[in-house]
């Protein structure tokens, strides 16, 4: 029973105050409330529905996108491969980015915000870096990319120092030893979101080495997300970037 | 040799262009440059010097504070015990907080910014939560504390939901299974900095369990810092909070 | 030599007391005894034979089901794929559930018992959740399913709170950070069996993150089974559920 | 503002339906609701407040017990040492058990339930086993103890087989290789709660070996709690045992 | 230069004592000596050459067997698949065992020795158990097999207790929680070689759980080999078994 | 009720065959049987009772030794410190070895057997090596010690090669990288029991490095016991050594 | 703007000293400087560009080689498979080594240096050993190979002792227990680079066992590179070997 | 029997060739040979005896130093505390360095060699850095120290770039995230020995984070030693540095 129905009945006297309170208590008005909450959230954060495509069949992804197209108008698919994209009805106008594995549908209302800079260490980190960049972009952030800036050739970082310091927030993506965020943190001002990638081999342990490096950074001002979690970094970067527009 | 001296000599003809270029290349003008960079950083972030006291002798800490008092006027000491504090000359007017282990000296210039909310799970997480709160406060942020809000009694979180959503950034501190940031992330809008603590025993592995939980949160918008790293969380929170004043 | 034969011979005087005692000691009467024990167990727990199909050839599984059909009438196959099922003689009337990978044969005698509620976090946890639900159901429990109730959208849990508290025992299935059982444990009364799943990536380490989370839950009243072990959870849940009928 | 006040104002027309709905949504009525929930929980489970004493000062523990004595009448302290106990006002009549480290205050209303059997492997596992037994007992369960029944002398288990099978639920406590629950699970009917202890050395890794053993048991019907978590096992056992009285 | 040649030259005076000593020192006479050592070893232990086939091409394995056939007459191949076997010239008369993955060529001289009993927990452990049994048999030991004796049905162990105690050495093979050697160790006299297998899933971590269990056994008299190392166990068992014939 | 009593009653007709069988089944005659089994074991293996003193109070150890002195005449205490020893009544004549931490009481009947050689890598491994040597000696084995033979100075091993090859079984004790058993295994014939010690630091991880080394030895014929488990190695060595006397 | 242009403008008075200093500071003259640095590095170390081919498409590798051929003349590709090689234009004259997976293009200027000896344990370590040897060779080092010298047959090491001691630097490659570098370190003088390989199974954990062994070597003078990192070892060996020519 | 004695007897005809060969084979002439080898090693590397003092009693260390003083004249003690030093007879003239924990006795013959640069990240890394520097110095290397050059303030590294590139070999010491060697490796030419330290907390895992970082460095030319192993790094650095004098 919806909140309005409940209150109608309460006003009509067909539901007693005790019964109303019991029902409010039992449901915490979440069935009604949370749809609203989600609605509020979406309009405030510019956050669309997000579907993690990996492990879902193309048919499942296509159905979700179809549903989203008719109900919400926009949706973001992550970790999608080409078969996921091809199953989606072309008429929906979804767009697929091969590198990041993102499928986007619709356009989110533009929000005023600052600039996100995504900096990455090696070319193998590109998919994760692009997932972060593409996510933040789709959510409405202005994104600047500086890829292939690993610490083994630290001068590449120096050449983009000005751009890093102009950002509201920096996303630093690195595999192998994952030292990039530490070095960026020693050279620049903005808050940093560090993304370890699983790029590497041997004692890298699928990204664990980079994760621990980033966790232990001697430069403060760094928050870390899960290994290969470009989406999470882009999402968090956008949330922070929104503050820059306040 | 300073940059000005070098350029003087270059203009005076006592240093050739080749020699100047070689010197610029060799030094990258960092001796001069970085002092400036650090100066700029301090004035922009309001960030004082920070000294990690754990493992230092009281005498060492006292000397650093003495030096800071005469040169910079303000400094933050972290993970200090009472003996560190007592070694510092009382005339400096340093202040010690027993719970967080922070020693503060001087006052930083106030900067316009938003609100940091620090929420923690259990009473044992208090020292880490206070380290985060005290750090952000000293740096100039307005900080609101909501402690003892662990997920085992989730209604405590609901009662502060409004406050959480008013924050520019939330610091969520939890030990044991570390589920608090996930639940907060499912209920609120601001970016979240998650701090795992080493509170727990057995398969907690000194905070590893909470760290992994926070890394794998199904709620996006969460960046994680090292186990027990309240200082890092407070520092990052303040950096993000500064954006809210832009 | 059977126990009866031994006792016959003892009474007939052809086996001395010393020889009888030696034989009893050597065999511990297990050859005879344990067949009985197993028989008793089956009739008391309603527990059929269970065969773990993964790693077995379709032919092996078919042979086991054939044998079970003629001797016991009922058997449960777990982690079966379609090829296992198709190898079983259709005349046996075995039933295959694609999602949970369970093959069931025959029907167990109904036993009076309470209700098992299986609650799971995400759609990817479905196979494990269904393995738990299907196992408990086949063993004779009444099972109620509430799937897709992850803590990132905690209101979904609130909407089923009443159902959770009506259960004799709750099975809570979650991957990624695995916070669901903690939150359920903070909101409901019945004993909880927590099942970590291997859903996730990166620092999830194939379910280790969820396992540690569940081990360290700050909410008491939770027992944990192995990663992805839906069968084990369903089996244990049924054992507990049987108590509710006492 | 309380729910009643809100509804009064709504009926009085001083709060609009829109404002009421917004307030309901914001608060989820948890301030009122959850206090009730907690009250219900206590009366249903017979569960007292529990305070984890380790890491708390004697003064803190004494204060909590004093507060509990005047408000609730009963409380359970776990992992307490003698100094915790001695700080509590003697007039409260709290009782301390040196082996289990439990401090109990007051008596819980008796509830009808079955029997919990606690079985442990070695004498070094005694504190954990007693913590489990004492917890279940204080909560109202009838508890039977069979200690020093490790698998290295498996006949000791056989001698108590009858008692094990009479239990509603078995708590099996073991360190070192932790094989006890597997063997008990192969010999008895009731659901089993397995408690790994940190007893051992070397490749035991503070209980990890026993934890993994119990997680991987080939005998179904076993749920595992954290290393050394006797309280958690006793609490869960009591919850299950309550079903036996239904 | 061989030792004999060197000594010839020394006697002939064409090599000085200093030069002889230097050469002895440099070579440690290992070129000559170790061939002898290896020869001695083979004749004493009855140990043939052993080739680990996994990771080698069929052609490589075929070449090694061809060489062995003409020079030594006998050789053992481990972890071979059918393609390895089929590449070996049929005329050599090598024999392949599909379950254990062993290829044997030739027959070793019979040596007097005791009996090796190989006992294993589940049917999935069969390949490892057969590798152990087949290795010991090929080396010349008398081997008795008791498979499918896992601790979940401990009566199966009791029925073979007499056979276990007749062995010179027991090889106990188990995956999952790996409790079998502990239980066998509590029930029987002979030295035990424990072999953890990678059978299991989840928190089994590819045999780590069983390995740790066996390492921490509370029953003394157990030595452990690597996960899935049936060959190593069979080899060590035969070495021990040879003592029984002394 | 003892087996004899039961059979008396059965013969007297006061216990029916059905009742007798039920009782046999219920008890598996273990109460009677296992005492005998233990008796047989002791007389066959020469194995005394063993008490692990670490974690026990001096009073507990003294009581156990007192009981053993009057009932069995001999007992072995492991991991004892001086306070354990000093609590034992001097009149019992127990002997304490400071290095190995062994307390021995009484003398076991001599059994014919071969020779155990204990070889260790460094002086820090001495306590573990002596625990192994002392245990095997007390059990009745002839033991030869070759300490400080680490692979960093491999010539030390060569000088004792003859002695190694004369052994029935070799116990090889090593910390740090733990390479000793591999090298010994490449140079000698007898079966080898490898004991990793916790000697080392950093990436040694309290003996894990040595444990893994020994597990992965490329030389076959090696069984491994737990880190620092000198007692286990000495016990197993004696069991193997007994075969050499057959 | 280049440094020369800047200085021209400064001398011409069109750029003020303040502006020059700001620009120097901003760029750190790295755009200009680092190209030079890299140029200097290449000419000093004889180090060509290196491209890690694994994970790159054949087309990407071909493009990089094409670019290198026209600009630098020489380049090294590592971890390449045949498809990478075949995509490179044959006219470039690149050479592929199947075993090591190295593709080489062009010839580096010869530099005077000593000798690198690469010694490896087993045949399965060959690819890693050849990657090390081939890398050092391509960089200009004289390389001597001694493969299949594992410690299980230690005499093989003795036969090459003279060659080991003639080296400037030794690269020791081993999988399984990885004891080779320790033994080599105990027998020879030159600095040693240890390369753990992922050869092994079970408790080898993909090379972790060998890595830990090498880290904990009791023989000093050993530096370790990542698991399977033959390229890194060859590169470091060449750097050290260059010193021998000073 | 010495080699000379053996050859005397062989020439005198009192030892047959067969007996001589057997003896050579048995002993591998190691008793004689290795003493020489060790002598040769010492004279070539300038390497003194080294004693690891940690875990040894002051008396043991004093005895070793006393013996070394009279036989070899020089010895190095590592990880010594003041009590070790004070137990050594003052007349020996040993010197103790409190920071590094090194005790040195005597002076080694000077050898021509290059320069070792030790660079470290933080002040807490000082003891390890000094252990490396002091070890290399005592062995005869010229050592230059640049401490407190962590990557969080990367300009400090730039100011010493010239010195780094003048070194024969660089020792880079860092705790926490351990990124220093990677950054140094991207900026300088000499071979680098990386030393992870246990400085840090939480997810640092006592130096594991820094160790993994260094293992996975994207800059080639780096060899890693054990956590906190300053001695090993200094020893290896000296070995490499000796090449620079060739």
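Each chain gets a letter, A, B, C, D, E, F, G and H, in the order it is written, and its residues are counted from 1.
Assume a residue touches a chain if its C-beta (ideal position, glycine included) is under 8 Å from a C-beta of that chain, and two chains touch if they have at least 3 such contacts.
Worth saying up front: this structure is predicted, and the values here are computed from it rather than measured.
Set against the C-alpha centre of chain D, every other chain centre is closer than that of G.
As a whole-number value, the distance joining the C-alpha centres of chain C and chain E reads 38 Å. In this assembly, the C-alpha centroid of chain G lies 24 Å from the C-alpha centroid of chain H. Averaged Cα coordinates give chain C a centre that lies 58 Å from the centre of chain H.
Residue positions of chain F with contacts to 2 or more other chains are 28, 30, 33, 37, 153, 202-204, 208, 211, 215-216, 226-227. Here the chains touching each other pair up as A-B, A-C, A-D, A-G, A-H, B-C, B-D, B-G, B-H, C-D, C-E, C-F, D-E, D-F, E-F, E-G, E-H, F-G, F-H, G-H. Those residues of chain C lying in contact with chain D across their complex are 41, 44-45, 50, 114, 168-169, 187, 189-191, 193-194, 211, 215-216, 220-227, 231-232, 235-236, 239-241, 243-246.
On the side of chain A, the complex with chain H involves touching residues 121-122, 150-154, 176-179, 182-183, 185-187, 200, 202-205, 208-210, 212-219.
Of all residues in chain B, only 123-124, 153, 155-156, 158-159, 161-162, 199, 201-204 touch chain D in the complex they form. Residues 26-28, 30-31, 33-34, 37-38, 54-56, 196, 198, 206-208, 211, 226-229 of chain E are the ones touching chain G in the complex. Across the complex, chain H meets chain E through its residues 3-4, 7, 10, 17, 20-21, 24-25, 28-30, 32-33, 36-37.
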